[in-house]
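Chain lettering (A, B, C and D) follows the sequence in which the chains are written, and residue indices restart at 1 in each chain.
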């Protein structure tokens, strides 16, 4: 049970990192950025050659220093490239539709997602790609005879740090406050002299960069990736963002972890004749959660219900 | 007050009723004559696929174009229609050891076989019913949430089909045959009406084509009537201002649900045609990508436009079935020819001959979606009203803004 | 008029939305130290005037000049930096930021970060805001939000404050209070250009005014002369 | 029994948003045939009262008896079908529909039709549609011949005051027993507001009962039979315009000395 929880926590941290990007973009321009999951996949793909170069995988024992430097550099490169991609998407595909009815950017976002996904397919083909091994997995004993691996600790720690950093940035810095101001009333923010376009670009930059950095962690934890990995992962992450309350950073974290734990739990259900039932059904379960949350508590767990003003 | 631009004049001319009617009649006559001039069976096959696509586009257009609801899981209803057909008109369900036969239904060890014409309402109703069951709790949601929920629905349905095959993990009998598909689906019975003698066989696309054509023509007429009815007016009103519509006495959820169910019914209908034409169903055909393909038809033709949906269905069907493959071969061949050249030309040739165009369909669809939204959001054959709504900022809206922009948020809590 | 340069000037400004002509060859001039009112009904082009000053709408023809420099075509940020601050219609405070953070947003374009003095000044002007500095703006009453909107504009240390319908949605008693504050701010040295429906109140505190009808300035002059003009009495003061 | 004369009785109406009590155990009644105005400072809860009556959100507690039946908590379309129509503080027209279509939507609840009727269009459906168009034209013409002459215009191409009138026509066409008008003269200059006041008087003369929110005191004092004054979600005064104008609490909370004496 504890092991399922730990696995869920680690998995959930990954969802949470991706969910942060959805929640920020939705918070500021009320758009479900369908392409976000694919940006994430792009991040995994660009990290692979970087790690291949930095870490000698034929070594039986990779030195911790080498691991750390490799992972760090890969995260920075991936974050940077994903950030640029995110900003470019916003600039080319969403910004021209800033004032269009909401359906238009949403449809565009689906189109962008298809384009990126297919580009990734053309680049890496349709099969699953192995992620380079970057550190020696070590198991530590944990509560009740369960174990926790250093990879799991890394994933959880990175996610928590990202969330705290983002939370501080948005709530404590002036730029973060300007970001919230833009989210609350774009035109009033413009009247204050805030460069709205730049703030929105910055939001995409941060959200995508987080996904890029998270992508490296994902590779280490899951170790296989396909061109369409980001699509389902993105849907689950979006579900996480909705569960937590879209637009809410802490909510994204909470939602991500909840979804992770649920998946990890469901995945292990079923034995004997119904062995593997959980694995077969867990996406149905996640979507059912999405529907239930949206129907019964559309503001999510941490969000506040806002009534439309008339 | 405002002098019409050329584009507006053209739109107006296109809006003129008489002209539209003439155009429609010409198109229908041409469609009926087409098999006489179609050179090969494959061309007619594609046309038959196009008919199914048109049905799907017409149905999704009710949901997306008329009611303004983005449905990203529309293929699920197609799956439901197709599987309803597969379960009720094939050798799949063997019952007892004696065959009972009647005009509308026969069953026995050779499976359940419901008459094709009885299946028409059944498949449509099954899809509509699923639409209602799913839509009733979710249609209250705002547009983008609804989109993601429908996407989820679109993922769930094939998953359920996959997981309810033989020896499934939840202990149910084999319902859907799972990953094995269902084969041996009945064709429609032969039709002999005066000069018409249709035998539905796989080697002759003509009867299929005419059957599809008749269904499409009837559907178009039905949808035109719906659009100009009280219900159609309610859809527009809700799309334009939900709150005002509710206060005018329109039941928002009910009206949306009608759109959703009608759209689903057309999709189920399409599923029936497709399943009986192919004689087999495979759930992997009904995934997200297919939902998006249908969406591309609607967007390309123009949201809310009936001629647009027809055009979108035709274009995407031909793109899917032949144009893309032909174009890919052509470009690759051209590249092979260039390869013989020197230096840069050689490099270009190598690139072109290796260009994996055939696998780039999603990318092409993506480019269509983005391109249309950025350059011509109203689509190729726009509906007048929808075009105005979709244009980022019309003069009228901006003028309105002058008086209203700032008051948007002044309401009391 | 003397050769003293006006603080803000519209010279033959034309704005369009698509093919719709909104402002038609409009001229305004606002001198330093004045309170100038712009009267007109909805759709006359008042809000477009405000947006034109702030660079949110670009005129197709004509020039907008602030302190001798042409500002049409500049980004809003630069215009605010030059010393023009808006109090938008309907207040438009940031509902989920605190009062203090709202004020900070008002100082966004300031290069110096030494804004405490200005925060104190706003608090002195509106003690109510000091009491509620950590409250979310959206939870305050309409009157308090109007104070915050004015305070937020003051944070930019503007030489010109443009106000769009400061009395909108306020009760008569609050309107009076807000107008008293406007006079006070003006006395402290800020020039004010104000769009207002409540012609009676506006003309009472303004030195000069313009009347805008369907995008054209149909009348302008001192507040006193306008108050006596037939057109204004008939259309805006409800008198006969 | 006075109860028979009351078209609407609002009893103990309370609405909380989070910690904020927008409307606090409010009681008042609207008598058949009168024009009753709700006034009060911004944030006093006037629009909230409208939103509860018209069904946008349910009350936290309390009742709204309309013709003796509690309608609190019904959805907007049900409320409209019971016979209550409204207009909005910020105009809510169907901008891309024609003037006539806008009014026809207002007639929606009077048309009975189903999928069969919509597709097959049997004679009775065609006839009902024709009647709807006639009725809509009649309402438009009675309200403003100018608006009728522009029935084919797009709603968003109308001048502001005409759009306000169109919204009124849309609310009137269903012949409601109660008409809720939320700041109908907002954004109008005094001339336009005075014209609109005439329209309200005409509508009232045609037998409509009207509940009005209004900031423009000229309008309020000019057309209301009775006024209910709200402050912080509670009723602080009620009476004829003259009674309200001289009420100390109202002067204190809302009018101010100057306006009261003007």
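Here are a few things to note about the model shown:
We take it that a residue touches a chain if its C-beta (ideal position, glycine included) is under 8 Å from a C-beta of that chain, and two chains touch if they have at least 3 such contacts.
This is a predicted model, so every value here is computed, not measured.
Minimum number of contact steps separating subunit B from subunit D: 1. Centroid analysis (C-alpha atoms only) places C farthest from subunit B.
Here the spacing of subunit C and subunit D, counted between their Cα centres, is 32 Å.
Once the centre of each chain is set as its mean CA position, subunit A and subunit C turn out to be 44 Å apart. Spacing of subunit A relative to subunit D, judged by their CA centroids, is 48 angstrom. Residue positions of subunit C with contacts to 2 or more other chains are 42-43, 88, 92, 169.
Among all residues of subunit A, those that touch two or more other chains are 185, 187, 307, 310.
Counting only residues that touch two or more partner chains, subunit B has 243, 389, 393-394, 396, 399, 403, 405, 407-413. Subunit B makes touch with subunit D in their complex at residues 1, 222, 225-226, 229-234, 236-237, 240-241, 243-252, 258, 262, 385, 388-389, 394, 396-397, 399-400, 403-404, 407-408, 410-413. Those residues of subunit C whose C-beta lies close enough to touch subunit A in the complex are 54, 56, 75-81, 86, 88, 92-97, 101, 104-106, 108-109, 152, 156. For subunit B in complex with subunit A, the touching residues are 64, 68, 70, 72, 137-138, 140-145, 147-149, 151-153, 155-156, 159-160, 162-163, 169-171, 243, 288, 292, 295, 299, 303, 356, 359-363, 365-371, 373-374, 377, 389-390, 392-393, 405, 409, 411-413. The part of subunit A that touches subunit B in the complex is made up of residues 30-32, 93, 96-97, 99-108, 110-115, 117-119, 121-122, 185, 187, 231, 235, 238, 242, 270, 273-277, 280-281, 283-284, 287-288, 290-291, 294-295, 298, 307-310. Within the complex formed with subunit B, the residues of subunit D that make contact are 17, 20, 22, 42-48, 54-56, 75-77, 79-81, 85-86, 88-97, 101, 104-106, 108-109, 111, 113, 115, 117-121, 129, 154, 156-157, 160, 170, 174, 186-187.
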